[in-house]
Structures are given as C-alpha cells and as structure tokens.
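Pasting the structures in now, so scroll down.
Consider the two complexes below, in which chain A is the common component and chain B and chain C are the respective partners.
Take a look at the complex of A and B:
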C-alpha cells in the first residue's frame, strides 16, 4: 500500500514538473519555420503534401533508417521464433470451427476494396494524406485477411524476407541516384531547375518501394506469430 | 485538446507499467505511453486557424508539418518494438508456462 502511495506521489511530481515547463514547450512548433516549408516545399520537392516532402526529401536519411528498423525487427522476430518443434497454426485465432462464416464471407468482400485503398494511398502520397508507410500498413492488413479466407494457408517466410531485402536495397539505390544527377546524396534525383510537375516521379517511385517494404515486413511479422502458435 | 490531458495519458501508462502483474499488460502500457507522446506532439503543432499541411490555392496558413513527419517515425518504431516484445512474451510463455511476473521470478532457474 505504501509503495502505491510513493508511486502516485512520484507521478504527481512529474505532473507538476510538466505543468511548469508547459509554457515554454507550447510555442515549440509555432515559430516561422513552417513558412519555409509552405513557400518552398512544393517547388523543392514536387509534393503538395508537405509531410511526404519532409519524409522523402528533407529528412530522407531519417526515413531510410526508419524502414531499416522495421527490417531489423523482422530479422529479430524470425530469429527469436526459430524453433525445432512442429509448426502449428494459431488455433485460438484461426480455427475452422470457431471462425464465424459471416466473418469469412465479409473478408472475401472487403479484401479487394482494402487492397485498392492501400494502393490509392501509396500512389497519391504526394497529393493526399498518406504515403508509403501508411499505405503499406493498409495493404498488409488486406493481405492478412487472406488468412481468414483460407484458414489452411501456408506462407514461405524466407521468400518474403528475400524480397524485402531487395526492396530495401532499391530504396537506398533510388535515394543515391541524386549523387550522380545532382551531386548531393539522399535527395530528389531530378534536376534542381526541372519543372515541379516532373519532380514527383521520384516521390511516387520511393513511395512504392517503401510501401512494398512495409507491407512485406508486417506480413512476415504476422506469419512468424502464426507459426509460433499456442 | 489541452496538452495536460495528453500528459495524463502518459502518466496512466507509467502507473500501469509500475503496477501491472502480467508481461503482456506491461507491453500494452509502453504502447499507451507512446500514444500519449504522439498526441502531445500533434497538440503542440496545432493552433487556431491552421489548415492541414497540404499546399493548395485556398490555404492561407498551415500547421508545422515537422512534428507530423516525426510522429510517423515514432509509430513505425513503436510497432517494431511491440512486435519484438510480444514474440519474446510468447517465448517466455513456452519456456516457463506463465506470463505473470511473480510466477516467473519465483522460479529457481531464473535467479
């Protein structure tokens, strides 16, 4: 009991410290730095969506390792779930007698729509909210519905990982082309004075590669969880 | 929404992390702290009259897109950490037959 009182008191001190420092933090992102993105973002990168512009052009180095961390997580999950005993599907989740028929029928209906939504989000990353990471997650969700449509489904996890490695290599190579065309690494490979309309070819190409990377990584993680079973 | 409310979400996660008896609940609490941090950053970026950061002709002022881009990183890394933590939970359950902190720590071979 006394432990909980000490804990609540410590959390209360944290709260007071946060409350006192909030005055300074509130204006953290309300300066004029956003005006630079607003005025130059579209011309610099060819992307109306400034979040995609930051992710894929201004801070691309950050995004590369973001995709890399997902890849490392897949390797970690596969390495930890490596096992000698017989592989089983997760019975608590994907049991033929426990999965309702309505759920299976609805999955068949939703699957193509969800796949189409995912591709839409990936391909329109420069115009509407979305991009490679978000669209890849939606595509992965659509692929996971396949496990409900066909409960006996088996997936070769090593094949997925091989494709993911090449997708990640493709991201790094696409980001490095600018070293030849522009003379600086990790930025748009179109020329600086190229028309804005042609600059988003780079954004779409990188969005597609990141989408493939994220979708396959999440698929591999889910498959590893299924194989682990009960 | 007030930034104080988002910090209360973080405090709820910290309290749960300190008091939860199950490993899987601890993983959930880490996720709750993460959501609190995401809400806090999006809260700082927001202000009255700022539109979403997509350039078009009828937009006069936008919110700062930088915290939005940073929070995508947080979400991706958070999902990676959660996946690793949960697969370790499954391994612990296979090995020790329980996911309760107390029951695992009571065993001789752990110490």
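Take a look at the complex of A and C:
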C-alpha cells in the first residue's frame, strides 16, 4: 500500500512540475526558425506542409537515420526470433483465441478504406498533414488486420526484408541525387530556381519510398511476433 | 464564452484523463484491460496533439499507439498464456467417446490448470505425418510445446518437450502416478547457433 501512495505522490509531483513548466514554454513560441520556415518553406521545397518540408528537405539527414533505426530494429527482432527456416503454425483443434465474428466482419469492411487512407496520406504528404511515416503506419495497420481475418496466413519474412533493404537504398540514393544536380548532398534534386510546382516531385518520390520502408518494417516486426510462441 | 476557451477546457480535461489513465494502467492487473487502457492513452494523447497544432504527430500516434501496438500486444499475450500440445498418437489417449475425457487429457488439463495456462491441443495432419520431422525438429521449428506419441513396442505413451522448459520437470512429477506414461526431454540448440 505504501508503495502505491509513493507512486501516486510521485505522479502528483510530476503533474505540478508539468504545470509549472507550461509557464516557461511561452519563450519557445518566439523563435526565428519558425518564421524562416513559414516564409521560405514553400519556395525552397515545394511542400505546403512545412513539417514534411523540414523532415524531407531541411533535416533530411535526421530522417535518413530514423528510417535506418527502424531497419536495424527489424534485423534485431528477426535475429532474436531466428526465423531462417520454413515456418509454420500448428492447426488448432481447440482455438480458444478465435477472433470474434464481429471483429472479422468489421475488419473486412475497414481494410480497403484503411489501405486507401494510407495511400492518400503518403501521396499527399506535401499538401495535408502526414507523410511517408504516418501513411506507412496506416498501411501496415491495414495489412495487420488481414492476419486477424485469416490466422492461417503465411508470410515470407525474408522477402519482406529483401524489399525493405532496397527501399532503404532507394531513399539514400534519391536523397543523394542532389549531389550531382545541385552540388549539395541530402536536399531537393531539382534546381534551386525551378518552379515550386515541379519541386514536389522529389517530396512525393521520397514519401513513397519511406512509406514502403515503414509499412514493410512494421509488417516484418508483427510477423516475427506472431510466429514467436515457442 | 468564445471558442478558444472551450478548447482550453477540453485540453485540461484531456490532461487530467491522461494522468488518471496512467495511474490506472499501473494499478491494473488484467493484461487485456491494460492493452485497452494503453489504446485509450494513445487516443487522448493524439487529441492533445491536435489541440496543440501538431496533426502530423497525431496521425502517427493514432496509427502506432492505437492500432499496431495493441495488435502486437494481443498476439503476444495470447501466445504467452497457451500450452500447445501436438497429438501424434491419434487414439483415445486424448479423445475418448468423442469428448475430451481421455486419461492424457485429464493429466494435461490438471497440469495446465496448475500453472494457469490455456491448454491447446492440435492434431495437424501435416505435422503428424511429417516424414522429415522427428519430434525434436518439430519442437524446434514450430510453436508446439509438447508432443504426445505412442511407443508400440513398450506400449506406453511418450510426452516429449524441451529440456530447457521448467514445466517439463513438474510434468514428469505429475506423470509418475501413471504407469503407461513416460516423459522425455531433449536438449535444444543454444541461442544464436
């Protein structure tokens, strides 16, 4: 009981600290970077969504390593669960964890809509909130629902990993084209004075590659967890 | 009262909900309830992100926190709590009179109840008649915990499982009372081999 009281007290202190720090956050709203991005973001990158502009152009170096970390996480999960052989799950006589009918029916209805929403978020990363990562996560959710509709579903995890590697290579290469065209690495490959309308080709290409990378990485992690039961 | 103040009130309510959910998650014992509470936490957080003008982060939070993580947790929890038995004997050891009343089923049920596990018996035709698979290989390559088979020469039923599993020791103890049941274990290959 005393441990619970200490826990609640600690959370209470955290809560008070949070409210005290809210006062000081006012300073954060007065920085110049925000104004700079607001003024030049659309012209520099061709993306009306300034978050995407920062992630895929100004701070692309960070985003590359984010995608890389996801890839390394997949390798780690697969290495730990050792799925280098032909996998199969036993067919159950007594399936106590059968998915409820309502959930299966609803999943069948939601699956195409979710897939469409994911592709919409990926392709409109330069216009609406979202982008490669968010859209990829939504597409991955749609794919995962298939496993609840049909638990017997088999996946070749090595094929997914092979595709993910090439997707990541594609991201790095697309980001490096600017070294030839602009003489500057990890930025938009269109010329600096190109019209804004043509600059977002780069944003869309990178969004699609990152979307593929994220969706397949999450799919591989989920499959590894699904097969892990030994 | 203008719109801005309403948003402030909603934000405060969501922040209090966040703390309440966090406390309940820590105090809660049931795993399924915890998963649902984690989902609720993610949804509340994403609502706060939207209020604070970060729709990009909110979409990521909903997709990861409220969809993928609970799906992974549900699978992991259900796999963790089940004890999978492969029935290669295919006679009345497990099922007699079309019901789970066989002597082996009673023993395994008592054993899994002792550890609060869910007993899950499978007789996958593909696995049972798998020529390339001696029992050790089946145990390594599938998610089966225990294999039941019949030794025709000795006329006994054999229960085989991994040596590393502590459960096998207890099962061997429980099976001592039965004359026609033997418990065997085999060593697995080490991690990373």
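As a convention for this text, the second predicted complex is superposed on the first by the 186 of 230 C-alpha atoms of A that agree within 3 Å, B and C clash if a C-alpha of one lies under 4 Å from a C-alpha of the other, contacts with A are read in each partner's own complex, and residues count from 1 in each chain.
In this section, a contact is a pair of C-beta atoms (placed from the backbone, for glycine too) under 8 Å apart; a residue touches a chain by one contact, two chains touch by 3 or more.
Because the structure is a prediction, the values reported are computed rather than measured.
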Pick one for A:70: touches chain B only (first), chain C only (second), both, or neither. first
Classify the contacts of A:130 with the two partner chains as first (chain B alone), second (chain C alone), both, or neither. second
Counting only touches as set out at the top, which of chain B and chain C does A:121 meet: first, second, both, neither? second
Of the two partner chains, chain B (first) and chain C (second), which one does A:51 touch, if any: first, second, both, or neither? both
Looking at A:226 after the superposition, I want to know if it touches chain B, chain C, both of them or none. Which is it: first, second, both, neither? second
Examine A:144 and indicate which partner it touches, taking first as chain B and second as chain C; both and neither are also allowed. second
Which of the two partners, first being chain B and second being chain C, lies in contact with A:11: first, second, both, or neither? both
Using the superposition on A, tell me which residues of chain A are in contact with chain B and, in the other complex, with chain C. 4, 7-8, 11, 15, 49, 51, 129, 131, 133-134, 218, 221, 225, 228
Complex contacts: residues of chain A adjacent to chain B: 4, 7-8, 11, 14-15, 18-19, 22, 25-26, 28-30, 33-34, 37-38, 41-42, 48-51, 53-55, 59, 62-63, 66-67, 69-70, 72-73, 76-77, 80-81, 127-129, 131, 133-134, 214, 218, 221, 224-225, 228
Chain C - residues contacting chain A, complex: 19, 22-23, 26-27, 55-56, 58-60, 63-64, 67-68, 71-72, 75-76, 78-80, 82, 84, 86-87, 118-127, 141-145
Residues on chain B engaged by chain A in the complex (per definition of touch): 3-4, 7-8, 11, 14-15, 18-19, 44-45, 47, 52-56, 61-69, 72-73, 75-77, 79-81, 83-84, 86-88, 90-91
Counting only contacts in the complex, chain A reaches chain C at residues 4, 7-8, 11, 15, 49, 51-52, 85-97, 121, 129-131, 133-134, 137-138, 140-141, 144, 148, 218, 221-222, 225-230
